[in-house]
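Presented sequentially are two complexes of chain A, the first with chain B as partner and the second with chain C.
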Partner chain A sequence: MSPFLLRTSVKFIAPIQLALALYFLLRGHNEPGGGFIGGLAAASAVLLYGLSFGIQEVESKLPVSWFSFALFGLSLAVFSAFISVFVNQPFFTGIWGPELYAPLVGKLKLGTVLLFDIGVFCLVMGFGVGLGFTFFAKEAER
Partner chain B sequence: MKFRTSCYSLSGASAVLCIFAIWASMNLDAPYYLAFDWLPKVGLRISFRVDSFSLFFVTLICGIGSLVFFFCAGYLPGDKSRSRTLSILLLFTLSMLGLVLSDNVLLLFIFWEFTTITSFFLVGAKCEKKEAREAALQALLVTVAGGMALLVAILLLFMAAGTLELSSLEANRQLIQDSPLYPVILILIAAGAFTKSAQFPFHFWLPGAMTAPSPVSAFLHSATMVKAGIYLLARFHPILGETVLWHDLLIGIGAATMIVGASLALARTDIKALLAYTTVSALGMLTFLLGLGTTLAMKAALVFLLVHACYKAALFMVAGSIEKLAGTRDLDRLHSLGKMSPALWCAAALPALSMCGLPPMLGFIGKELIYEAKLIAPTIDELFLLIGFTANALTVTAALLAAVKPFIPRTMDSPPKRKLTLPLLAPPIILGIVSLACGLFPTWVGDNLLEPSFQALKGEPSQIKLKLWHGVNPVFILSVLTLVTGALIYWIHSYFARMVSVVERWSSPFAPERLYAQLVKRFVQFASLQTRLAQNGSLNFYLTVTLCFASLLLAAAFFSLPEKAVDLSLLIHLKTSLIILGAAAAAVLSIRAQSMLEAVLLLGVVGLGVTLFFVFYGAPDLALTQFLVELLLLVLIASIWSRLPAFRPDTPKREKRRDLFAACILGVFLSYFVLQAVFLNEHNAISEFYAQNAATEAFGRNVVNVILVDFRALDTMGEITVLAIAMMGIMSLLKTRKTKR
Partner chain C sequence: MNSNLLILPAIVPFVFALVMLWLRGREGAARYLALLSGVIQSIVAALLFKLVLSEGTQTLEIGGWEAPFGITFVADLLSASLALVTSFVSLAIALYISVEKDEPITHPFTLPLLQLLLSSVYGAFLTGDLFNLFVWFEVMLITSFVLLSFGDAKQAIGGAIKYVLLNLVSSVLFLTAIGLLYGKTGTLNFAHIAARVGHLSNEPLLIGAATLLFCAFSIKAALFPVHFWLPASYHHTPAFVSATFGGLLTKVGVYAMIRTFTLVFPLQGTWLQTALWIISIATMLFGVLGAASQMNFRRILSFHIISQIGYMTLGLALWSPLALSAAVFYLLHHIIAKTNLFLFGGLAARLCGSDDLRKQGGLYSSHLPTAILFLIPALSLAGMPPLSGFFAKLLVLQAALEAHSLISVICMLLVGLATMYSMIKIWSEAFWKPAPADAVRPSNRTPSAGAYLGVAYLALFTVFIGVGAGYVFPICERIAGELLDQGCYIHAVLGER
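Presenting the complex of A and B:
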């Protein structure tokens, strides 16, 4: 089967999937969703794209490795937990900022907790894509 | 060029910090505290204390650090792992600073372990060499074992005194010393300090660690990291000190280390190994002085700390420069270096003079003070005086071996002159000049650096003025005798070295390094045996064991239930029963599947059934997660499709029956407990709490996510860390395979 059909559809589907992932992430605090789910969704989007267009196509667009991406997520999560220490609150206390109104998502309250969730998102996404691509690469070697 | 620039800037920054520390030490009246609450509910704090004793160490670390970074600019270029080495050196410096500045003992422990880990990477910097890797592992294992002892000691301290801050531990001194835990605490803390500071019988890792690049040895293994143990003992002296046990333990171990280190040093022909053993000896001397614990001894320890850091770091750097100049560090092959580079000889001679304890170097003052402390100490035997004398004399010999023997010509032909770059020469010369300057102006150093740090440590002034010339007294005569003896031994050192080697060979079956090797070997054997038993590589076996064990646990729970009734009303709903029937049918069909594809797809159907279940019963988060996980699993399986083992629908009957049995048992118990859950969920206080407080306390209406990222965020943090570690493991496993082919 020619991958034409797959590629054409993925070209449309993958951006929607990514947008959906972000949507899951941002609305997670009030509606079903969150960093973990968003990360999984984003990972499946990228994996699908890589599967149909080849890994190089994706990795050439990204300046860092997926492992660094995941580590960035972990550091972000750790950092968000530390913010409270610097304003003399116990470790991991949620520090809240202003509330925004974001289109589609609705009310979005900024704060360290959201930052933590973004960290989880990045880690899960990096984990999923990194592993998947490593497997793909092994497969392509044979 | 870029690498050199970063070396110079690091060097400059450390120098500024060093000067600042000296200035602060001169002007600091009372300790300065800085604390953050970490987890106040369990009493954990991040707290720092800046007092003059800490500042004394900061001065040492930054001062030596500055010169070492400068030296790196000359030594490391050409090394392909140079950037890594430099950044780890920086990390090490920061953790060392944290160690000497922390007030909370747990925080101190964390920095302590940081220095251990960074030291592991630095010792193993030339990781393509087997001996470097082994030495790094040895250093790591020995010091980590000590670190564990220290951790236990800290927990016991908390039990005894109820606090973890050094400053309040000092106030609770009596409470701790009267506690029945006191001997255990002391021995464990000493174990931590002894492993770190290479005391006998743990000394062997330090000479092994000489595979590290010279700047690393100059920094870690002479001036800073190995002094961390001494720092710890000094800090704990006001808390645990001045008891018989403290006195005997430290004096005994210190004296043994002193003499063993100094004697073994002379049998070495590698300059760095020779210097490493003299470092061991010097650390023994410091432990000994801390064991004595008199005012004079403590002051002498402080002076000797400074003396030793200056001359030893300089000599290690000289050893590195010699290696660059002549391509070897072997004392038997080195000669005439003085003609090749007179500047280098000068760089070696100044610190060596201080090491010998010749006036007017600071080393002379240090040695005088040590002899004085030993002579007037009321509690020690003459034997220890003799040991100290011998160790000092042997140190003089070692200094001559390091700074004279390689430089004097042995043949008539004169080798060509070679110029060394400035970064290879300047740091040891500067350190030598510092030793000289401190010796010429001892009052200034004593009043501005050493006396404040003594006061910070002991809480009272020492009333001891540093002076270069005390007149001809027993101490001075001892000093002169030491020098003469050392020079005499140098004359006959080849005989002496042969004697030491014979003793070493004779005692080698009992040597601690042999014991360590045996221990590691046995441990690896045990681990591989255990792996063969528990992890034979068959997924089927793992699953069977896991399922059977889970069934056992559930069975035990089942028989202890008071109420065994089950609520079956759940199954009556049409929707539910349809889903269950569909999933069950898929599960049964997957058993009978004839191909891998079929099995995978059918299992996917089972997963989707569960997802639907979540959708209908108000758990959209779970449903989403389950769905996405199923999807990803499918993609991953597709990606490793051709790697999967051949599908075997024709498994032997016996195996099939065994698997069926295990699966059924677990299935029955699990279903039973799921249905039971309606009754079991009596204590729902926690979930109620989450549901009620999610919106008001954490500003979120989605309770599941609020629990994940706020109420129980620490759990999530643990989980994502595990994910990251798992990823690292999987990726490195897959990648190493690739390079092997």
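Presenting the complex of A and C:
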């Protein structure tokens, strides 16, 4: 039995979900959103894709494991907190760079806070997908 | 006065845990990283201690958010000295496991998790925010639960389940108390809560919150009616993991208790003081009686943790400058001596091939240096002069005499005697008795220099705290002074506001 309807619709839905996740991530500093919710949205996109096309299909396209992906995110988040120490500010202080104009999102201020959010995004996405796929694999074994 | 030094003890092991995870699978590298991490932690903690000793309480407003709005890290002398002692433990354990052949590590995540555990212990000692303390407690609970569940025996899982269930209850109580306090005072910063609680002391909600915190920390510290998670779980882990647990975990509970019930809800004259006094005595007695019936090296030690926790909380319950300095002295001495004894437990099990005292024996004739080194923390724990435990017990005893609390004095002396009995039992079974004829000995019976260095390093501090009590005790007195003067802490955090 091929879940034809699911596969066809996921091909359209998953990219939209991913774009939405990025949107959440980038608007997150002052408005609702941020790395955590963006990471969850992105993870749900990948999980949906994996559910309809199979885990191997997704994992064969990826150069790294989900664990490394999450670990990268955590390391990035810690690193972003450390930048303030190097410029002699209290730990975790946001250090701000130039302001950009991003399409859809509007004003986008670059800084360590965005870096931290990206770190959280990767951590949550990696963790969410890794956890979900582990359960899928267990389910498939039965 | 923001100094990033305050956060470094918590961040250094965290970063090392990340590096270990990147290098996962390369076990040798992780051992060296643990050693490097221990050295850096010691340096950072020593610098922090020196700074606090010379310049008084330090604060760090994380992210530049001013207290009481952001999370503040506060290092008064108590926090700084506990961080320092933790760094000794960290380095000793790193030394103990530094040589691969004598301490197999069963799971690649063991060492990173141990670093995260250390990070959370430092964080709990140094934070000045009630909710942040809760978060560090949770990190500690999760990492230690995973470490406990790595043991494959059925009993290990049973112990781990008991551990996590009871500690989750503690977390729920803690969180409820935080909710009540926040609802009543509108703040989570320790100093700010203390300043605001002062105005409304007899509010029923606050008494409720204080009682909930009391119960939550009692579970964490393994006080009498809720202590059974501890002896059920600790001895199933590898020796160096149980040494970390035995040295640090319950002591964070005691620290939280001391901090909360001196700063936020001063115990003096409340019914909690009487409750804590009764519970402390019961804890001392039941802990030591529990140990008497055991024949497993590390299980005996687990019961003794409980009994010794009673001494520390008794110091808090007696509530005088002398009693509080005695409690702090006891805390500092106990972390070092207990960690060391657990490491010896591992060493003896490694040399005899079993954790069971009945199957051990003959170590005195075959491993004389180990036997002599073992005597230092063992006699210290039992309270022999001139080692650290003697002065710790003497101080609590003096405080009890000063408070005319005859029952405490009698119980303390009895418990001291029973502790001696346990240590003698271990000594005569594992070291003095000839090895049992049917014992199966492991082939490799020479522990490496690393393991010796680890235990000797801690023994050195036990001797130092004892012989140098004249140097350590004034520091404890200063800590007690700081604890009893809430205004000093509040001023350091909030300034003139």
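Simple rule for what comes next: the second predicted complex is superposed on the first by the 140 of 142 C-alpha atoms of A that agree within 3 Å, B and C clash if a C-alpha of one lies under 4 Å from a C-alpha of the other, contacts with A are read in each partner's own complex, and residues count from 1 in each chain.
Definition applied: a contact is a pair of C-beta atoms (placed from the backbone, for glycine too) under 8 Å apart; a residue touches a chain by one contact, two chains touch by 3 or more.
Small disclaimer: the values here were computed from a predicted structure and weren't measured.
With the two structures aligned on chain A, chain B clashes with chain C.
In the superposed pair of complexes, A:134 makes contact with chain B only, with no contact to chain C. Look at A:91: by the touch rule set out above, it reaches both chain B and chain C.
Once the two structures are overlaid, the count of chain A residues touched is higher for B than for its counterpart among chain B and chain C.
In the superposed model, A:74 lies in contact with both chain B and chain C. When the shared chain is aligned, no partner comes close enough to touch A:18: not chain B, not chain C.
When both complexes are overlaid on chain A, the residue A:29 reaches chain B alone and has no touch with chain C.
Touch criterion met: A:37 reaches chain B, while chain C stays clear of it.
Clashing C-alpha atoms with chain C after superposition occur in a single stretch of chain B, namely 149-157 (options considered: 5-13, 23-31, 59-67 or 149-157).
Touched by chain B in one complex and by chain C in the other are residues 71, 74, 78, 85, 89-92, 94 of chain A.
On chain A, the positions that touch chain C within their shared complex are 71, 74-75, 78, 82, 84-85, 89-94.
Against chain A, in their complex, chain B makes its touches with residues 36-41, 46, 620-621, 623-625, 628-629, 631-632, 635-636, 638-643, 698-702, 704-706, 708-710, 713-714, 716-717, 720-721, 723-724, 726-728, 730-731, 734-735, 737-738. Put simply, chain A touches chain B in their complex at residues 24, 28-37, 40-41, 43-44, 47-48, 51, 67, 70-71, 73-74, 77-78, 81, 85-86, 88-92, 94, 96, 109, 111, 113, 116-117, 119-120, 123-124, 126-128, 130-132, 134-136, 138-139, 141-142. Interface residues of chain C facing chain A in the complex, by the touch rule stated above, are 2, 4, 7, 11, 14-15, 18, 21-22, 60-64.
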